[in-house]
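In the two assemblies presented below, chain A is common to both, partnered first by chain B and then by chain C.
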Partner chain A sequence: MKVYSGNFLKDVITRLLEEGYRVYAPVKEGNYHVFRVVKSADETDFDYINTKKSPKEVTFPENEVLIKYGEWVEELPEQPDRLAIVGIRPCDVKGIRLMDRVFLEDITDPYYEAKRKNLLIIGYACNQAGDYCFCSSVGIKPYSSEGVDILVTNLNGRQIVEVVSDAGKELAANFELTDASAEDIEAKKELEKKVMESFTRKVDTENLEERMKRAFDSDYWREVATNCISCGTCTYLCPTCFCFDIFDDGELKGVRIRAWDSCQFPLHTLESSSHNPRPEKWQRLRNRFYDKFYYMLVRKGELYCVGCGRCSAACPVGIDIAEVIDNVPSEVE
Partner chain B sequence: MSEVINEPMKNPYLPYKAEIVEIRDEVKGIRPIKTFKIKLIGRERFDYQSGQGCLISVFGRGESWFTIANSPTRPDLEFSILKTGKVTTKLHEMEVGDVVGIRGPLGRGFPLDEWKGMNIVTIGGGIGQTPLRSIYQYVIDNEKDYGDLTIIYGARTSRDLCYKDELMELIEQGYNVELSIDNPEPDWPYFVGFVPDNLKRIKPDPKDTIAITCGPPIMIKITLGVLKDLGFKEDQIYTTLERRMKCGIGKCGKCKLESVYVCRDGPVFRYDELSALLEKA
Partner chain C sequence: MNAETLERIKEECRKLPAEISYIVGFVRKQSEPREVVAVLKPDEVDKLSFSPLSFNNPARTVMELAKDNKVAVIAKGCDARALKQLEKEEKIERENLYIIGISCPGVIDYRKFRNTVKFRLAEIDSVELIGDEVVVKAGGEEQRIPFSEVIFENCLYCEQPTPKDYDVLIGEPREGKVDFSDIEEFEKLSAEERWSYWMDVFSKCIRCHACRQVCPMCYCNECLVDPSNLAVSPMTPAEEKAAYPRVLGRTVNAADNLIYHIVRVMHHAGRCAGCGECERACPMELPLRKLERKLEKVVYEVFNYSPDEEIPFLSKLDILPEG
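Let's look at the complex of A and B:
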């Protein structure tokens, strides 16, 4: 554990930009923060609990050209060779690690891999849980350094720097860091305890797989979906929602694009025969909750929810993922 | 700046360049079906299993999934394509010599090796005959490895039957081909009624037999019931599923059925695999 006397997050951005990195960092826009590609550390603002949108677009852009074509393939898009994200919260780091399992396991997705293998991750520990946060319920510590190259913690106005990976070590060598004192270490422990106590939401994941299994045909899902308008805001903001569409833009000359899609849209699964495996909105809503809390658990052995609470915060009809999962009936008729 | 690998073998989104070498009309009218014979340009045909699919690509229109319609024991690749959307409409306008893209082979095919020594019954409806054709061609080409072959196939009308010439030839050669149409037509010498009813009439013996069914969802559902009534166990019954597909490599999530990707884990499934899922196919 090290201490930096200045603003490490901002200074690291300046350094990375000098080294030619494409840097994603939080920028304040209106009342909220989002990750943007920044040209200067001055654009950034680190006074936030979390960003409105997840940073999944860093490795999985919302719209991404796969192929430029004319009569045949003309060109493949170049991939950035130095990417960094600065200020990412531990839940979103876990989100990237879950995305890795989708895009890199089994058949490798070369477009994702090209960005991921060159990505430097500078994490930022949480000092307080947000209104909708429940990462601690899904096995994530809001001060975790898992998966980052460097983790920064704001400790009473000073920045604590934990260097985690070799790439992080290389970068940190450019900064004057002093060893943390025993007092600092103690204070950080206190802070971690305080953060854990700041969660107002908890989700009961005890025996969840079995509960989900039993509740599949329950009317509960119709009830939860009553007010749902299938807008897809939840999947759009979610750090682990990975579904995408592929389409061609341009008849004689154009680009084959992949773009985020949503299982909440009827068109996502509509077949040309007019058959739709999930024609009802409650089936689509159920699909999202089952994918996160059952299907991916079966497939990958992990929950595909990181407890960031973005979907609950932004849902226009107030569907709250923590509440929905907590209330999954354990006894089904 | 590094570039994404410029080779279809390494970049699974990049199609092989291929040429249409033959087009046959299977069904005419408002829902036409054509069979396209396709040759890869500049490389040998890839190896594949019956039941596997490919994404056929027409730049400017997009890509669609089709099951390979002929057996890997035959040369070239054949696809029988119903004109129904953007890509298929364009394909139906194409001519011999036109270029398309091919990504494949994709997914899991039929375990034809496991079925050696067994009797094979295929039960198809309409365009669903496509993967079954690949099976019966394979079984015919490896006749000594398999028991009896029964081909049960039906369509709405006699004009909607695919591979008519081929099936007539098989009947002439003495193969057991059981055809049906939904409603009576003059001079129709075969069964009149739905495919599951024809199956009920034929009553294949479940002993040492594998049944494979493909067709419209409702036909598959009723066929499954009939097979069970005849004594078939779920692990003797196979089907291939259709879903909307985009990536074809188990990423994009469109074809996801519960925890399985139809494009990657399927499209071929044994029935007990499907009945174990919460979400029904």
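Let's look at the complex of A and C:
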């Protein structure tokens, strides 16, 4: 554990920009923060709990050109050779790691891989849980250094730097870092304890797989979906929702684009036979919760919710993922 | 919008006509002070809640439910206006509704509220509007916030705070007003300034369709500007497919997003209830009411029409002026 006397996050951005990286960092837009490509460290603002949209866009943009075509494939998109994301929270880092398992395991997605393998991740530990946060309930520590190259913690205005990977080490060598004192280490532990105590939401994941399995046919899901409007807000803001659709824009000449899709849209599951396995909105809503808390758990052994709370905070009708999961009936008739 | 209002609502709900099978009202969320729309049985009156955080419009839920049921609904001025519009468009039959109208002083902008309140959301016991102040109580402590600091901006221009059509009314009737001063101010900007304003706004849109989905007036099964949900099934005949207009692709950028929003809003001419659900629903917090209000202004000024008239706007366009 090291200490940096200046603002490490900003100085690291300046350095990365000099080295030719494409840098994504939190920028304040109106009343909220989002990750944007920045041209200078001055554009950034690190005073935030979490960003409005998840940073999944860095490796999985809402629209991505796959090919440009005419009579044949005329052009493949150029991929940036050096990417960095600075100031990402531990829940979102976990989100990227879960996305990796979708896009890189079994079948490798070349577009995702091209960006992911060049991605440098500078994490930023949380000092306070937001009102919708519940990452601690899904096995994430808000100060975790898992999956990052460097983790930065703001300790009473000073920046504590943990160098995690080789790439991180290489980058950190450009900065004057001093060893953290025993007091600093103690203070950081105190801070971690304080963060864990700042969660106001907890989700009961005890025996969840079994509970979900039994509750599938429960009327509970119809009830939960009463107000659902089948919009794509929850899935579009989610750091682990990965569904996409591919379409061509242009007839003889054009681009093939991959665009985010959402399991909440009725046509998402329409099959060639005209059969739709999820024609009703409650079935689609149920699918989202099962995807996060059951299907992926069975397939990959991990919950596909990182507890960032974005969907709960933004749902137009107040559907709250933490409440929904917490209330899954354990006894089903 | 205080404990007394809630008591009056419950009182009215306890003496509903016997043929009512559901109450569409507001219920407080478990982990935060806001209410959500809920469908209750008449014997579940005790679950009801109501506060300045009961900002959602129940009209959409009512539209679904009132097809086969008689439904009682707790409706603020704009909610009742949406119901009225749906009735005019034959989406709801008035005889299936029992409207418990609320004379509404305006609702809270939850985003502003979250930024202003000093308590954690989960700690808050109650939020009431008493006089000009929002009184927030949490664990024995109290915070008073001037209502003007957290009021939903749209409510400042409310035309109909008191429902025009109701079975019972709670609270003293309030006067609405026709006030487009905000739009007039905006119109003073040059075309270039307005263009760059909107291009900046629309560059932030992620086309999640929340604004459309939440809107009581956007009930079409197929949407002209939503290629992801045009109901072309694999069994749709080729001729029919070919006849589908392809206004918009799924490309998300400022220019395409602008088409989406403008086309959507244009279909609300003379219909918008002004509830502001679109703006509240937008995860990117875009000023969508501004578009609707500009259109409302045009409808008033050019066509001399108010959405509160008994006949639909479009049918009025068919009536030729005399002489």
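Throughout what follows, the second predicted complex is superposed on the first by the 331 of 333 C-alpha atoms of A that agree within 3 Å, B and C clash if a C-alpha of one lies under 4 Å from a C-alpha of the other, contacts with A are read in each partner's own complex, and residues count from 1 in each chain.
One rule holds for everything that comes next: contacts are C-beta pairs under 8 Å (C-beta built on N, C-alpha and C of every residue); 3 or more make two chains touch, one makes a residue touch a chain.
Every value quoted in this text rests on a predicted model; they were computed, and no experiment measured them.
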item: Fit or clash - chain C, chain B, common chain A; value: fit
item: Chain B versus chain C as contact partner of A:Val102, first or second or both or neither; value: first
item: Contacts of A:Ala314 with chain B and chain C, given as first, second, both or neither; value: second
item: Touching partner for A:Gly139 - first (chain B), second (chain C), both, neither; value: neither
item: Most chain A residues touched (candidates chain B, chain C); value: B
item: Chain B versus chain C as contact partner of A:Glu29, first or second or both or neither; value: second
item: First (chain B), second (chain C), both or neither touched by A:Pro279; value: neither
item: Which superposed partner A:Gly6 touches (first chain B, second chain C, both, neither); value: neither
item: Touching partner for A:Asp261 - first (chain B), second (chain C), both, neither; value: both
item: Which superposed partner A:Pro329 touches (first chain B, second chain C, both, neither); value: neither
item: For chain A as apex, the angle formed with chain B and chain C - C-alpha centres, to the nearest 10 degrees; value: 90
item: First (chain B), second (chain C), both or neither touched by A:Tyr69; value: first
item: Smallest separation in angstrom, by C-alpha atoms, between chain B and chain C in the superposition; value: 5
item: Chain B and chain C contact sites that coincide on chain A, given as residue numbers; value: 245, 247, 261, 270-273
item: Footprint of chain A on chain C - complex, ascending; value: 29-32, 34-39, 56, 60-61, 111, 114-115, 120-123, 204, 206-210, 212-214, 228-231, 233-235, 249-253, 277, 280-281, 283-285
item: Residues of chain B touching chain A in the complex; value: 1-6, 10-15, 17, 59-64, 84-85, 88, 99, 101, 216-217, 242-244, 246-247, 249-254, 256-260, 264, 278-279, 281
item: Residue ranges of chain A in contact with chain B within the complex; value: 66-67, 69-73, 76-81, 102-103, 106-107, 109-111, 114, 118, 213, 216, 242-248, 250-252, 254, 256, 258, 261, 263, 268-273, 275, 277, 287, 290-291, 294-296, 298-299
item: Of all residues in chain A, those that touch chain C in their complex; value: 29-32, 52-53, 62-63, 131, 200-201, 226-227, 229-233, 236-237, 245, 247, 249, 257, 259, 261-262, 265-267, 270-274, 314, 316-318, 320, 322-323
